[in-house]
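What follows is a group of structures, each given as structure tokens.
Look for chain A in each of the two complexes below; its partner is chain B in the first and chain C in the second.
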Partner chain A sequence: MARAITRRQCDTPAQSKDTAMATDTANPLPSPPGPAEGSAAPHTLNTGTALRRAAAHGAHPGADQPRAPGTPDEDAPLLTATGLTKTYGARIGCADVTFSLWPGEVLAIVGESGSGKTTLLSTVSGRLPRTSGAITYRLRDGTVTDIDDMTEAERRRLARTDWGFVHQNPADGLRMSVSAGGNVGERLMAVGGRHYGDIRATAAAWLERVEIPADRIDDAPRTFSGGMRQRLQIARNLVTHPRLVFLDEPTGGLDVSVQARVLDVMRRLVADLGLAAILVTHDLAVARLLADRMMVMKGGRVVEEGLTDRVLEDPQHPYTQLLVSSILAV
Partner chain B sequence: MTLTYNFAYLDEATKRMIRRAILKAVAIPGYQVPFASREMPMPYGWGTGGVQVTASIIGPDDTLKVIDQGSDDTTNAVSIRAFFARVANVAVTTATRDATIIQTRHRIPETPLSAGQILVFQVPIPEPLRFLEPRETETRVMHALEEYGLMHVKLYEDIARHGHIATTYAYPVKVEGRYIMDPSPTPKFDNPKMHRSPALQLFGAGREKRIYAVPPFTEVVSLDFEDHPFAVQAFDAPCALCGATGVYLDEIVTDDAGGRMFTCSDTDFCTQRRAAEAPNV
Partner chain C sequence: MADTILAVENLSKAFTMHLRGGIVLPVLEHVSFTVAAGECVVLGGPSGAGKSSIMKIVAGTYQARSGAVKVRHRGALVDTTAMTARDFAAVRRETIAEVTQFLRAIPRVSALDLVSAAGGGDGAREEAASLLTRLNLPERLWGLPPATFSGGEKQRVNIAAGFIRKTPLLLVDEPTASLDAANRAVVVDLITAKKAAGTAILGIFHDHEVREAVCDRVVDVTAFSPRRAA
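Right after this comes the complex of A and B.
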């Protein structure tokens, strides 16, 4: 959290004055600071709103900060999506979605079923071809590159080294008949790991990090419980130390106590590794726990965007207000 | 009415189509070239791919040898040999040294091959990644982009389960530093013989409609881990008939009281050794 806020503060001066002005004058609702944000809150809130405004106007926040291509800059966005649209024939999957994701930031995409969350995630991660729009990604060497300019080989290498994808159903993301160790080791072998002992030791260390007992290393995931499978899937994705992870309803099919454990593991790893993540969930509590910032989707469009606590404490769009007020209180 | 077939059974247009596939396969060592496999007068699994390759390269001057698990006298070997003797009227032999074309099911002869000889393999499943990745579209992309990490997952699983690489046949190889290839279900004992072999090696899979090749003097490296290097099978005792060591042995059950003996799988090799030792017999 603190890390993301620092980034935002760094970014704010670089933002165009026009956007900031527009925000100040065009925002009729006063935004009370969220409880967790402290002194940095008013600053970040404005920026969050500015981002939302920029998105609503179809502008692209990254465009306000021109940088020479190839210059490594820690404050530059890791991933920027501009005007992302995916249609299924005449129907809209997601339309005109624009956002940036900074290193170490967790962005939640929330909304009801059918609002286009998963379509958006699949489109951003390249699992679905997009209808229009552009995605740029900052590589490890600092080069900002358009995903379309990469060869398929480069995209696939990126997807299995620098990115991770955690599926809602672990069976989609795991090789169910390959042992847990083999599942975790696959990415290592894909990038050239050829020492059995080393691969196995790394796999064992990762199983420990996701709280899977060491003696299950040679068992196939089909003998694992749902929560264990999900944690194994996380380990399998993180073993190459990716910088960006896509999480598609990672706790969707799990009961509440198991969910808590998976969320614990995830929160710890995201913090330890400084991962950036895009998290799709319909569960606002999961978003609250993991995400720095969130986007609310309805009918394929982003209706509200801002810091998680701001959106949940002070929802502005009628749909978000409905969504937040629909949370069951225990 | 008597039916007469074209030379070597297949019509000339088909042979030309198969030769084109073979040329492409030779040009890209280890790459699986699709071809329009024909129905042959034998069931799939009996060597329809190998027979088509042999039929398209054989000429009237060739001498053909056919082996089945190293043996010249089992059903598959005898019937394919008889088939070509009849439809191509070519000379047939059991001696490895005399053959110009050797069609084989799952062995490479013990006698070293020489330049000018062609080894034709019958292949049931040409795709080495098949059991790990069932989608053909995906395996083709994996070959195209050289994404072969999955192959090592299979070997990893072997070691995790058995303590060593337990794959003993159809052991995956990398050809000329590029394509991963399934050397057909030959024992891994024969893998080192493929490496820089002076003979041309052609692989035909009839049901799967693929042809691939290893040209002479091509690098063929068996996959392994640094700490679990590739090793061939070793046998405790020499061949019970000819006393050969360092050859691949078959177990033969001799009675129903548990009696058994281990003899050369390559019958021609064994016969020639015994003939050389005892010229009077």
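Right after this comes the complex of A and C.
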């Protein structure tokens, strides 16, 4: 599939970004695989500006760039998905999903198991190849690029520097036998950090931010409780100051008493760092606490969307009404 | 009118209950009224007349079925029923403050932090402290999350979180329901000060004394009842 996309890029060397995007939307060619973690990047083809742009970002991950709220960029979406579809053979994962996400905004995707919310998250984050549709992302320099126009290596770099991905199971996002400090420091080294003392100091500061005691910095997450592991995974993801974080049921496997702390850490960090986030959860209370906007999915399709409190207090679609009415009050 | 902050025009609201065979429950029809800067308009009528529904539609928590809700946002009247969720979020952030009947406590966030965060910006902490002092919330409670507070204490935190904001429009739904006379008087003072500062206020007050003290005009919500019209 990577070959298919390469060929298409060769066929259209002179296309402007706009026409390239228009072509993407209409083009039934299969999409390339996402930046699967751990897999080698076999690409050799330089796609020109996109690569140079990403290379510049790789050298300067922007971790220290101050955010400038209120700049004109705030009005442009960070990420836009158009007609996003993922099928598994004849079965629909998600179908014709269109949405935009703006800087600093938290979008919740809710629905029951099998509604397609995790498929959508995986597809948007490039972990699963999409069947059709387009995803555009605005890079730190303001250029908007179609994820399809990037090479595998560029997407991997993006995933490492500008994006974070918090898995439901911390073991999927952490290296369980590496120390807590190492788990956080590894991300820093991946974006060019070299000075051991600095990396360790930054890691220690981040452990404090996620409320992990300083004296656990050399312990492996194997020895941590579930809540601590999840908070460590959050630190590992945020240490490079990503602009966009994907959260997949981040409190799903935790006891309620432990959830509160993880949620509070997330809520504060998202607000303090001005992060944009896409949050997949089946827990409507979690969505209410963290999200500005909400999309409700059923059978792979978005059946309702809107401001979080509006969707929860005045649900319009039969399925949303069922979902909301099924919450147990305490 | 140039100083109109809120204009509700021919608004209607009905709930479609899909889980109960799709029955439609009409709640409001032909709701029209305006609130000007510095004015306190009170929604009047018995329980169930739809007062809170109007408040929630203006706040964006309920969706209007038809009609317009225009709010002066960044100087221009904009129809919130015709905008995207993201745009409405910006209107809420900058233009609409709300004191609801019930506090939504956030786990682990203290009363003082909650009010300060609502205020935002420099000096919010001092202002939050001064509001909580005025509302007679004991200082030993400031550092605690309000989840375990009494009804009256929660309500005062909620009032402080609403009144610390400096938006052109303030919505207050029964702010004094569980307050004693001294604290009701504080709320009256706070509302009077907001009016003097030019804030447009839309309120629901069951307490007659409070209503008499702050109200410029009553909008009778029973006039918008679909059942009456039928």
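Here is the rule we use: the second predicted complex is superposed on the first by the 258 of 330 C-alpha atoms of A that agree within 3 Å, B and C clash if a C-alpha of one lies under 4 Å from a C-alpha of the other, contacts with A are read in each partner's own complex, and residues count from 1 in each chain.
Here is the rule we use: contacts are C-beta pairs under 8 Å (C-beta built on N, C-alpha and C of every residue); 3 or more make two chains touch, one makes a residue touch a chain.
Everything numeric in this text was worked out from a predicted model, so none of it was measured.
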item: First (chain B), second (chain C), both or neither touched by A:Asp218; value: first
item: Chain B versus chain C as contact partner of A:Val191, first or second or both or neither; value: first
item: Touched partner set for A:Arg293, first chain B, second chain C, both or neither; value: second
item: First, second, both or neither for A:Arg261, with chain B first and chain C second; value: second
item: First (chain B), second (chain C), both or neither touched by A:His167; value: neither
item: Touched partner set for A:Ile199, first chain B, second chain C, both or neither; value: first
item: Chain A-touching residues of chain C, taken from the complex the two chains share; value: 15-19, 56, 60-63, 85-86, 88-89, 106-109
item: Of all residues in chain A, those that touch chain C in their complex; value: 100, 102, 105, 260-261, 263-264, 267, 289, 292-293, 305-307, 309-310, 313-314, 316-318, 321-322, 325
item: Residues of chain B touching chain A in the complex; value: 132, 141, 145-147, 149-150, 152-153, 156-157, 159-161, 225-228
item: Touching residues on chain A, where the partner in the complex is chain B; value: 152-153, 156, 175, 178-179, 181-182, 185-187, 189-191, 193-197, 199-200, 217-218
